[in-house]
Each structure stands twice: as structure tokens, then as C-alpha cells.
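Across the two complexes that follow, chain A remains constant while its partner is chain B and subsequently chain C.
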Partner chain A sequence: VCCLRHATPAPRDRFASVDTHAHSPLRSMRLRTYVTYFLQLEAEMEEYGAGDLLSEAMCAGARVVVVEDCVEAPAAFVLHLLLKRALAAGGGGGGGAALLALAQPFSHYDRVLRKMGCNLSMHRKSERLHFFDLQGFPGGTQGGAIADSLAQLYSAVQRVVETCRAGENAGRFTVMIDDVSLLEVAANGSADDVLDFLHYCVTLTSEMNCSLVVLIHEDIYSSEDGVGLLAHLRYIADLVIKAAPLSTGLATDVHGQLSVVNKGMLIEQRPAKGQKVWSFHFKVKENGADFFYPGSRH
Partner chain B sequence: LSPGRVAAPPPMAAAATGTGGQTLGRSSFSRAASSKTASSSSSPTASGVKLGPNGAAFVSSGIPDLDRILDGGFLLGSVVMVMEDSDAPHHLLLLRAFMAQGVVHKQPLLFAAPMKEPRSFLGALPAPVASSKEDARQRAMGGGAAGDGRASDEGLRIAWQYRKYFGDERNSNAEHRDNKQEFSHDFDLRKPLERHLLNAQHIECLSTQDVDTLHDLQNRSSAFLSKHQRKEGGNLSAGRIAIQSLCAPQCGYFGKDWDMVSFLRSLKAMVRSSNAVAIITFPYTVLSDSFCKRWQHLADTLLSIKAIPDEDKDLAKLLTGYQDMVGFLHVHKVAQTNSQVPTQVNMT
Partner chain C sequence: GLVVVAFDRSPEVYLDIMLRHGLDSNALSRCVRILDCYSDPLGWKQNIRSEQHQEDSGTPCSTNKDTITIFRSVKDVDKLSCSIIDLGRGFEGEGKTYFSVAVDSISSMLRHASVQSISGLLSNLRSHDQISSIFWLMHSDLHETKFSRAFECLSTMVACVEPEVVDSVYGEERRGDMSFLEHNYSKAKFHVRLKRRNGRVKHLYEELCVEGYDVKFISATSVSIEVNQSLLPKVQFNLELSEKERSDRANVVLPFEHQGKGEPIRIYDGRRSLPEAHQDPNLTTAALLDETEALKSANPKGEIHYLRDSDDERPDSDEDPDDDLDI
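Here is the complex of A and B:
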């Protein structure tokens, strides 16, 4: 927001004002500079989703994003939001996503994202979205073959990423897994195989300008002893987004609270934002989600 | 939950058709025909399936109150999971109502339970409450519909319609006796379902006791569901799968945690693309916390049952009608079609 009023300008602020007291040529030049600056800032904010709390909290350079949820506060909506941004991203060419869907069929994502203003069918046709229907994965025989099935799956994903990269001068590609807990079930409990698969996916992020977003159900692992899948994922993550119910119980305006932990420190051009942990409330709507600080509604 | 309780009437039946005016053509009270769209979306089709927004289709759970709480009923294509109370068999009330509702609507049923002879459980299915009352009323009204213009009949009809406006459902139900198929029935748990209905039905039973693997159940479910594949604009014939105590210790596969959760995952995927509802009860206390959570995450609709202890003085003070209550039913999550918004109906 750029307010034009009689006050000292402070360009670094979100809400700034520009001195228009005297209309000298010098002043009008300064005015133009400020306006340009704010337009640029707005363009950047557009890129990251109009500057809502979630996009502010998520640092731009995060390569591995882990989304945690529980039965009382499901976080599939976060995946939907990130998928929408991944497909909308990249000003001019590139950008793209691969969705490894174990939880829902394509029609579900299509309908949900359509209400959010993103046409998955169209993206799928134009090969910007690569949808892997893994509801029946691995299918066929189980046992020792799971490692092979996962290896095949990884090769398929790698091919997709390479093709997208080879295409235009690609923007950020996103590989999304919904969800890892089901992948573990598909692997018949073999967490090692699943971890191998995930580590291979992580290598894609460093080599191919690609980011990895995974959803995992935190409450499944919280009662386990030993170092499980969740602990490993939290370790390799750059960004951890955790959805939890409100401690005070249910409310009509608030569906839960989101905590975002920025573990990665490097963000391309800008210095690290300084704030590592963000915590705010959310309300899920048909066309997106509202994020707001506790006690306020935007 | 209390047995034999008379439920409030289902709201749909009253608004369903506009044929009431024609049934008693001599009446000077003519009811405005409900709009086409309203009746087509709210009236149940012959097979007991109700359509809702977002391409959703519902079947009744057999308990009208529960249907109302769940905003329609059980969603076709969803998996309902019920966490049993380890001390009490109240989950069987849900199962019996569910299965009886399916039988009344002539919906094919696949039933699996950890008992030697699951078919014997069918004898415990309750009969609908309304049937006996409706028969009596039909006999009483027979004279009026036949078309003899007796004054006493006329008077009876008018008074009867006034009662309808005051919301007495029983009378308006008889008025729509052409529309026999209500979406949901009230069941009298003291009265068993008529034998002939069970014999005419397509009911498969399967025992999970002493069975080593879940392959058989998986194959049978797959075969059952393939007959109910979802088609765009196709005939809405619904199927029902009821599995009792899936992880009970009597089951031969008990302890094979990953096999069980794998079965659930594949069942969910199969049900998803079909016009069927699967209800699965499970004694969650025999599962580890971690697997219990996995099962809960797999459920589309999650309910849990808690028995109310007898002779609890504090609860008796807190709840009216404590003597009649046997337990609490807690709704944790409700199935949604094609939507990311959670249903805020988490209530006990």
C-alpha cells in the first residue's frame, strides 16, 4: 500500500507515504521512483501469493518443505495452496509440478483446485502438471519388489523433471507427495525403502532447481519409539509447516493453527528474514484459506 | 443411543412430492406443487439414494438423527469407521440399523464379521417402525381414497390436513403412501426384520474368524464393488459393505498390522470409485496408538462410541433421560466430496 500524503517517506516500510507537498520537478521524480518501487514490491508479492501470512513465512529458497498434520487438523489445504502457486509461478515459461497422489484420485484435486481458481485438467493437458495416480501403488506383488517399484517411480519422476527442465528456461519445478504415511503403507511398513526414495527426491532438488513438498501425518509417529520417518523428514527439511488444532477446542472462525519453522537460512537475493518461527491461525475456505494472527481477522 | 426410541421425522419426506393433492382429489385444499428442482434433488430415488450438492449421493445410516448430524447421511464412495467401546457392544446398534436400512431399500450387502456363522447375525436386524403403523392407517384411509363422498370422511380429511400443518409427520406420511420409499427409516430394535425381506435380498456373508489373511475379504469386496461402479449419470444403485470388528483378536490375521492397514487402503480406493458405502467397526484398544492413528486417517467419516456407565450419579444429574441412554456417539470427522473445507460437526 502506498499512501500519498504529507509526511516523510520511509521506503523500507510496507505502508509508506510520499511527500507531495511541493510539486517541483525534483519532487515528482522522487514520487515516480517510489511508485515504481512499490509496484515492483507488489509484483513480487503477487508471485508469492499476494503476501498473505503463509507466503511471508515461507522463505523463497526452501527446497524441501514438510507439511505435518493430524486427524483433528488436516493440512491437505496447504498442499492445494502450494500446488496452485507452483502451477501459477514463474513469470513466463517454466514452473510446473509433479503430484504423487496416494490419498485422493485426480477428480478430487481437480474439483478442489478449480474452486481455488486453478484448472488442473488444463495444466495436465499442457504437461505442466504431471499427475501420478498412486492409489493402487505398487500393485501386483509385494515383498522384495517394493524397492524396485519405488525405484521405478523415482525414475519416472526424474524423467519428468528433466523434461521440464530441458524445455524452456525453467522456473521452479515442484514435486509433491500426498502423503508419505500412505507411501509407507504401500511399502508395507518398510520405512527404509521410503526414506531411500525420499533421499533420491531430495537430490533432485539440489541438482535440478526443483522443490519437494511432502505431507506427513505427525500424530502417527508421535507415539512411536525410536527415530522414525517423521524425525528423518524434519531433519532434511528446509521448511516445516505444522497444522494443529486449537488447544481451546473447536471454533467456527478458526479451524486450527499453523506453525512455520524456517530451518534453511539461505534465501537467494534477500538476507534471511530473521524470524525463524511463525505461528498463526487459519480458516479453510472453498476457494483457499485465510491466515491471521490469533485474535484478529484480516 | 437408546433402543426403541421414536425419532423425529425425516424432513425430506414431507416436502418430497406434490402428489398429495391428487391422492385425495376431492379436497378443497390443494397444495402447491413443489418445484421440479427441489423435488428431484430432495426426494429419494427408488433405491434409497439421496442426491446432494457437489455431486454427492447419500444413503441413510438407518438412524435418521445420525443422518441429520452428518448433513445427509453416509456419502456414497466413502468409508465410515467406527471406534468401538471395548466394554460394550453398542457398535452393533449402528451396524444393525445400517444393514437393515440397506435391506429395506433392497441395496446389496456384503457383511463380514469374526463369527463362525455371520448369517445368523441377520436375524438380529430390526424391522422398520413405520411399517406396522402405515398398514393400520392404510386400512383406515382405504374408504376415503375409494371415492365415496361421505361427510364423515370429508370431515376426517380436513381435520387430518390441519394436523399435517401442525407438523404431525405420521399423517403426511400416510398421505404420500404412494411414495413408499422414504430415505431413512426408524427401526424398532425389539422387532426382527421379516424373513422374506432377507431371503429376497442379495446379501453376502463372510467370516473373518480364524482366517489367516485378508486376501479373501479383499477379493470378495473387489468383486462386490465392481458391480457398483460409479458411472456419470448412471443408475444410482447403491451397495453396502459392513465389516464388524476388523481387527478383533479372534481374526486369524490379528497382529498383522501392516496387512490390515494395507487392506484398508485398497478398500478405500475401491470404494472411492464406486456407488457404495463401507462401514467398518474396530476395537481400537487392541491396536497400537500409531496404527490406530493410521486407521483414523484412512477413514472418510470417523465415529466413536463410548458406553455410559450405569448408576453414575454425576452423569444422571447432568443428562436428562439418563435412564434411557446407553452411550455417547462422537463424530470426529465427516466425509466431504471434492472439498477441502472440514465439516465443523465435531460433536458428541
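Here is the complex of A and C:
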């Protein structure tokens, strides 16, 4: 079990070599139990997308995920990972995603996820991925019409979620926003309008089996006088993933530390062990990221 | 009955919590009404539906049509107030029915309306003759202190949930390390401030413990003692007593507590004590005799029985004998 936990998902043939021809019925029973257990574990790993520490901390049921990062430890890689898992979710083609991108153009995400083994262009064509290019948001009108632009954006997102849900694939849908700080800038600093928009996105999670993942830059708000968007988001979130640099500085093997706080609001979100706060290190690679407890890097 | 004004969570969550805590669905439909300000607070969804010429699908869950009422204009505080009262009047009962109002949360309301209008709403509700109690939730770190205080002034009881472990050193070293939060997610300090009718303020301290769906309150009497002692002002000299000092004080025999231990009673009246007077050559014998005469003629017949009060009374004791008065 320990071996499987840190390895990449095992291919199915690994279990073909298990010898079920036993000399005693007890031995064969035990072997069959082990085999069933491993197969179950593998299925679970496939569902969560590899049995790494991040998926263990997150559990399948988290509805509203807030990812916090800073300049020294950017967490865009978490979004990429979650996007890949959202598009791969559910064995038989279920699941889908909507990406509201203010930070980068489509080509950037396509390139990054291609190295991680996920073809965004293909998903976009097959309508599994809905890409909203918001680099020029809100466009022409400014001022009081910000609320209207956001309402229209929400309307588009709701339509996409409804269409996906109505189709054959009734799997988990993920709405991802990269990122909320830029959305606030686009709204001319009006945090209230952004919060209204986010609230409506949150209602989608409870009504339509949908997850919301947002990225926010924590260091923008740390020196603010008033209470910013960050505090509100921390209250709304079911799960907070915070990326921070190591206190000891830069390192080649470890790029930073990740804290996951799983508030477990609803029953299906409570982690089995009851643990609510996870803290581990990460290293970003070309094809993904490694998560490991401090000191256990091999 | 109970009217829940729901901003932060879907109405089903509240119903689910109540069901989980033992209320059956009949009781729920009889006694609970939820004003749903969560699903469509600004009417965006309704606008989308009318644009797409769809029929109004009504409440999301058809089985709870009577219990849940959608409210779509949270910026209009007067309309909100009327809706709450209308829902409350709808409770059936013999004679005059009273209902309570729960608001989750005032912090969300404050994003849509001003402090003054919401205070006005609460005052209106408070003075309504059918409303027996109002309770609301406020996230104090989302607002300026003065706004939190304003709402505290409106209330007769303030209950604060405070973190057990406070990360006072939120500096560079602790950045990103949130492992101390693990403790805070299952335990907290619970502090209640009660404003009595006679104006006195009473404090209660407990410890809150969350296990699964249950919330337990453990009264922390030890905590309250610590707080009482800390009511002494912080100055540069020591106002407290050490153990030895406390026992010495307990051993002191007060002058009016005894009638003499067999020695002549020397009541100090400002003059020097007798043995010293004997040795002083300036004092005349006549003066000395006068003193001794005065002592001898002290009337031994009158007795005073003095029962000492307890020494354990702390400063600012919470017990007010007038508390029993119900004027």
C-alpha cells in the first residue's frame, strides 16, 4: 500500500501476476481480499487522479476551493493540476470544465497542459472544456455597468453548466477562475461586485453538482487597511489551498510548502480520518508536481 | 415559529441541520420558514429566465414550497423587513403567536445595504409585538470594529467564538504554516456577555468542542477565575498577595475581635505605650498614674462578638445581592 501511494497510477497488468492458485482455501481467500482491496484502491486513485497527498487532503466532495498564492510561491500549477483532473474525471467521459481566464491566453494553458498529458484543444473542440477568454474583460463599457457585465458573464457560465448537465455526461463540472485578483482589477476595484458574482457561482455548486476553483494572490491584500476580497473568500471556501515559500529560502528540490485546510462543511466532504489541516512540500515539474512530507524526499 | 433569513447557505442546509438534530419534517413545516436570500439575491437568475422566456421554475426544491420563500432584492431593506414579518405572521397557532428571527448573516447583509438601514431593520423587528427574539451571526474580522460594536450595542447578549490558538507571530517565519489551525477547527473559546435589565453586565466563559456534527460546551470555571484576577490594573507594583502573605493575613487577630489574652489591653490612643512611658524621665508620675487608672476602669462587662467575614471575596465580585430584585 505504501508503495502504491507514492507511485504513479499502476497499470492494470500489474495484478495479472497475482497467484490465486493456492494450496489452502484460507490463503486463496486472503489473496482474493488483497486483490479486491488493491483494485478498489486503484479505482479510487483513478477517480481522484493519482493517490497523491493533494488529492488525499482534498477528498472528492469539496465544492468551493480557494487557492492562495504569492509571488514567491505561485500556485498556478495547482490550477493546472485540478483542471487536468476535472477533464479526466469519471471513467466513462463524465465531467467537464469552464475556465474563466484573465491571466493568460488559451495557448498558454494548452502548452502547459499538453506537457502534463492533457490535450486542451481536443477537449475544447469536443465541448468538454469551455474557455472564456477574459483578458479584455469587461470590454467597452465601464463604471456602473460593471455589475451588468458580471451578471452577463454569470449568465454565460450558468448556460454552459446547464448544457453540460443536460447532456449525457452528468459528471462533476468544474468552474475555474484564473484569477480573482485580476477580476477585481477588471471591476475597477469593486470588491462587492466581484463578491456578488462569486456568490452566484457558489449557488451553482449547491444546485448543479458543480465545483468552483478560484485563484487569488494573497500578498496583494496583506498590507491593505480595509478588509479585502481575501477575508471574504476564506469564509466562503470549503477548502483552502495555500502555497507559500519555504522559510529557509530557495531550494532546488523543494519549491515551497502547501497547506490545505478542509473545513468539511457538508457530510460528503469530511475526510475519513477527521484531519482538517494538511501541510506538505511540493516541487513543480514539467509534467505535474510532486507532493511529499518534509524530509521524506527520496 | 422560527423565520430564518438565509444569506450564506442554501436553505436545504438549515433544514438538514434541523432534521439531524431531531426535528421531524412535520414540525419543520409547521414551525420553520426560510427566507431564501441565497439562491438569487439580486434577481440575476430571474432576469436570465425572463430573457430566455422561460417559465419561473419557483423554488428549487418542490417539496419545501411552503417552507422556503425566495427573496430577490436584498438591497431593499424595507422590503426585506416586510417579507420577514409576513412570513412570521403566517404561523398558525391558538391566540397570539410569537416567532423568532434568525439572520445568517449580517456580514452578508452589510455588503448590500448600509449599517444604518440594517440597524433600522433590526430595531423595527425588535419592536414588533409578535417577535420574541432575534439572533444573528456576524463575522467580526470582515468589518471595521465600529460596525461590529454598533450591532453589539443593539443586542442584549453577545456571544463570541474566539480561536483557542492565536497565531500572534504572523510574521515571515510562520508564513504558510497553518498547522496550528488544526486545533482551532475543533476547539474554540466561547465568551458570552449578557446585559441585564438592571444594567449589570455578566460574563460567562466556556470552551467549545466540535466533534462531527455535535457541538459540546464545557463550562470553564477555572478560566473565569483567571479573568477575575486579571481585572486588577496592570501597574508596576504588585497588587496581589503571595501565599505566605495570604496565610499571614488569615492569622492576624483584629483588635476588636478579642477581649484580651490575659495581658492588659493596651488600646493605642496616640500616646506612647506604657513601658516606654516608664522609661521616659520627662513624664511625671501623675501622668503615668492617670494612664493606669484609665486602663483599670475600662468596663469589662460589655462584650462584642465579632464574626469575621470571609477573606475570599475577590475584588469586583460578580454576585450582586440586588440581582434577585425583579423590578
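Assume the second predicted complex is superposed on the first by the 263 of 298 C-alpha atoms of A that agree within 3 Å, B and C clash if a C-alpha of one lies under 4 Å from a C-alpha of the other, contacts with A are read in each partner's own complex, and residues count from 1 in each chain.
Quick note on the criterion: contacts are C-beta pairs under 8 Å (C-beta built on N, C-alpha and C of every residue); 3 or more make two chains touch, one makes a residue touch a chain.
Computed from a predicted model, the values in this text were never measured in an experiment.
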Notebook entry, point to check: Putting chain B and chain C onto chain A via the overlay, clash or fit?
Noted result: fit
Margin query: Quick check on the superposed pair: does A:155 touch chain B, chain C, both, or neither? Answer first, second, both or neither.
Written below: second
Next item on the list: Check the residue A:126 against both partner chains and state whether it touches chain B (first), chain C (second), both, or neither.
Entry: neither
Margin query: For the superposed arrangement, I'd like the angle with vertex at the C-alpha centre of chain A and ends at chain B and chain C, nearest 10 degrees.
Written below: 110
Notebook entry, point to check: In the superposed arrangement, does A:107 touch chain B (first), chain C (second), both or neither?
Noted result: first
Check: So, does A:263 touch the first partner chain B, the second partner chain C, both, or neither?
Finding: second
Check: Touching A:206, do we find chain B (first), chain C (second), both, or neither?
Finding: second
Next item on the list: Answer with first, second, both or neither: which of chain B and chain C does A:163 touch in the superposed model?
Entry: neither
Check: Taking the superposed arrangement, what is the smallest distance in Å from a C-alpha atom of chain B to one of chain C?
Finding: 16
Margin query: List the residues on chain A that touch chain C in their complex, please.
Written below: 73, 151, 154-155, 158, 192, 195-196, 199-200, 203, 206-207, 226-227, 231-232, 235, 242-245, 247, 256-257, 259, 261, 263, 266, 270, 275-277, 279
Next item on the list: Name, in rising order, each residue of chain B that touches chain A in their complex.
Entry: 54, 257-258, 261-262, 265-266, 269, 272-273, 288-290, 293-294, 296-297, 302, 332-333, 337-342, 344, 346
Check: Hey, which residues of chain A end up touching chain B in the complex?
Finding: 70-72, 74, 76-77, 80, 105, 107-108, 111-112, 115, 135-136, 181-182, 185-186, 188-189, 217, 219-221, 223-224, 250, 252, 255, 284-286
Next item on the list: Using the touch rule from the top, collect the residues of chain C that touch chain A in their complex.
Entry: 10, 12-13, 38-42, 44-45, 47-48, 51, 60, 107, 111, 139, 141-144, 172-179, 181-182, 185-186, 212
